[in-house]
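Mind looking over this structure? Questions follow.
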Amino acid sequence: MDDILVQALIQGLLIGATYGFIALGLGIIYSVSGVINFSHGDFVTLGMFLCYSLWSVLSLDPYISIAITLPVFIVIGAVLYRYLIQPIVGVHMLMIIQLTLGVSFILQNGLLMIFGGQPLRTPSAFEAKLLFVTDSVILRLTLVVAFVVSLILACVLYWLLNRTDFGRSVRAIHQNPRAAALMGINVTAVRTITFAAGFGILAIAAGLLLPGTPAHPGMGLRYTVITLMVIILGGMTNFFGIVLGGFLIGVSEAIGTVYVSGIMGMMMPYAIFVLMLLFRPQGILRRAS
Amino acid sequence: MRSGALKFLSSPVFWLIFAAAVTMPLWLSPYYLGVATIALFYIGLALAWNIVAGIGGQMSLGHSVFVGVGGLLSSALLLKLGINMWLGMVIAAAISAALGAFIAWLDFRFRLSHLSFALITLAFAEMGQLAAVGSEFLGGASGLFLPPDHGSLLNFEFGGQRGNFYLLFTASLVCLIANLVILNTPLGYYLRAMRDNENAAQAIGVALLRNKIIAMMISAALTSIMGTAYARYSGFVDPYQFAAPHVTVEVVLFATIGGLGTVLGPLVGAGFLVVFGEIVRGQLGGVLPGLHFFIDGVLIIVVILLMPRGVVSKIAEWWDRRHAAAPENPKIIAETATRT
Amino acid sequence: MLEVSSLNAGYGRVKVLDDVSLTIKRGEMVALLGANNAGKSTLIHCLSGLVPPTSGSMSLDGTDFTGWPPHRIVELGISQVPEGRLIFPQMTIRENLLLGGINRRALPDRQKSTDYVLDLFPRLSERIDQMAGTLSGGEQQMLAIGRGLVAQPKLLILDEPSLGLSPLMVQLIFRVLRQLHEAGLTILLVEQNLNLALAYASRCYVLERGSMVLNGLSSDVKNDPRTRKAYLGL
């Protein structure tokens, strides 16, 4: 097989794990509260800029900064849910979409005002290190690290959702909120914690993606769109569907940049997105979870 | 509500404002006249979008496609095929209407949820921008330059800033009138019934498909016309400005902050916020880029949490409450009688 | 044990419960009767904290729980088997039962309670790892009741347990209910099926259009013309 193709495939799979991981963050939030956060990607950007700031002030490597950004994001997630979302839970979906669009505006432009529009690089321990898999397949180590961490954390998340009482509460609320309340589950508390966890995922993902990636305020939209596509492919709440969707988007993006076929190529993901929404809203895998 | 809007529109306050607006070229400086013209563009867009989203309850994030068609297609037809821009405007509007009808049909045929509809229209908006940037005919990534404005009305030229102001004024006025007309006809009633409870509406015999298509077609055509008008004003049609999904998001925010579903809401929302935004950008744009968008974001959150029906509705409520509280004074009673 | 005083409740501007009062003593099996839309479900929802009453009070063993959120009421000791069962379809029977005992009070003895429930309903034991959504109506009802029991309730409320079940299944379920009652469980039964309720409950309350119109021993209520009126609107 063509070496370039193999390279693209592997790179796609590597980044796809992180895309899936980011999407799982939105997935659990959606499953427990029905909220689609249109500023999801912008929080990844925020995480990146936080890491950048920690580096410029304290010379911390992004991977280390995660230890600081993670609790910050967990708090942000909880606060966001408590004060912005909970007051309007149950209200028209359109309002929630617009609210999160407002958050997106605030994040993008707030970052723009503080950091300016130029992409900023954050140096990291092994951003330049390469992994030589074979003679012609070369991978950036940071990408491999992101892949491994994302997969491990995804497994942890899976275990949490299926083997712990908290995870069962989350799934219960998704399947039937009223019955969940009757079980003695504190629905509000679970939703708050889930939001916090979802945002925590974003902090980690931002730290993983940052090394080697120049950050600029407007890049959030790309991650939001990717997340939405992955979620749709995954049928919104199917764990494995979302993970698989992440790999699919990662691979198609990687192959797309290699074999760019012009406008048609760039439109393809959106076209597939629309077709999925229309014809297979339950996602690529059949079962829901 | 809407009778309130009607009564406001027939009150002396409104006519005063209208007169002031019509005569703006006479008393505004060129800079502010430009700001007002841009504001009129967004007012028209907000009012056109309101038909489908505020009255019809369908959150289309794809209206930038219609703006793009209206601006780019009519310009391309003129520049590449020599088609008179008046005709081009009509053609663009017709194509936009057709696209709108298609989207509305998709919504009906696949029984899309609000979220799916929003996502699909957003996807179309992104695809639309890609198509515009990738099409040589439509000017590609560099856009199109319209021929200089010589004031020849037949050629869709309006003679400079003043003329263009009136062009956009008239176009947004048409959008305003469309809203008023729709709200006071059966169509408006059906749309609002569908917005509030689609199943119930269908149960009482409201033709879902027909009404959705009609509303979308009108909205798309009006949006397209606004696009054509703005293209003429701007002289340069940039696909990253005209076909940008961002435009729709701005319009969504303006209309919602003002008050979706009402007539005055989108008008006031877009009017104030665009003017405010331009002023902020002018004063502080160099130092704090994006400040006006930042404030827009804060405002939409405040509005949704505290006054979900919009600023205009909130003001109307406050106004009514003030006047209901003092029945003794005959002068106030007389005023209330004409204003309610 | 359960004291409900002058409860008023509704949805928005629609008033559903009008000055409703009821008492249940420990160990009783009481039935709540009434035609459709009489307000039975609303009263049950108030008891479980799903609907906030506009006025009045409710207390269990002296603790006033009016206005408490649902999860605290479950912790207090009131467990509801909801109308339509509302089991979690994409979870196994085992997981459903585990969730039943998730409240702090029941958690320590969850394993024991689950074993008890599986003893009570051998059918559930056979299918313990099956997805709840694939169970038959009767099996789902057994699961719902089992779930309610794992919560170690002081008061078990059942909302229309016989709905949609075959007569055989209804008999089975109600026999289990009688068994539980005889073992000392306090039960509040909401049933549209008049005869069924009167056969198993010792005392009844009758709701008509939001007001409590009758309450007394089953035998008395059965023959009272007001009961018939409440049900048939005569």
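As written, the chains take the letters A, B and C, and residue 1 is the first residue of each chain.
As a working rule, a contact is a pair of C-beta atoms (placed from the backbone, for glycine too) under 8 Å apart; a residue touches a chain by one contact, two chains touch by 3 or more.
What you see is a predicted model; the values in this text were computed from it and never measured.
Farthest from subunit C, judged by the mean position of CA atoms in each chain, is B. Here A is the chain whose Cα centre lies closest to the centre of all protein Cα atoms.
Look at where the CA atoms of subunit A average out and do the same for subunit B: the two points lie 33 Å apart. With centres set at the average Cα position, the gap from subunit B to subunit C is 54 Å. Between subunit A and subunit C, the centres computed from C-alpha atoms are 43 Å apart. Multi-chain contact residues of subunit C (touching two or more other chains): none found.
Only residues 53, 57, 59, 106, 110, 112-116, 118-120, 123-124, 126-127, 130-131, 133-135, 249, 252-253, 256, 288-291, 293-294, 296-301, 304-305, 308 of subunit B touch subunit A when the two sit together in their complex.
On subunit A, the positions that touch subunit B within their shared complex are 36, 84, 87-88, 91-95, 97-99, 101-110, 112-113, 116-117, 217, 225, 228, 232, 262-263, 266-267, 270-271, 273-274, 277-278, 281. Contacts from subunit C toward subunit A in the complex involve residues 48-50, 69-71, 74-75, 79-80, 82, 86-91, 95, 98-100, 102-104, 106, 147, 151.
For subunit A in complex with subunit C, the residues that touch the partner chain are 165, 168-169, 171-172, 175-176, 178-188, 288-289.
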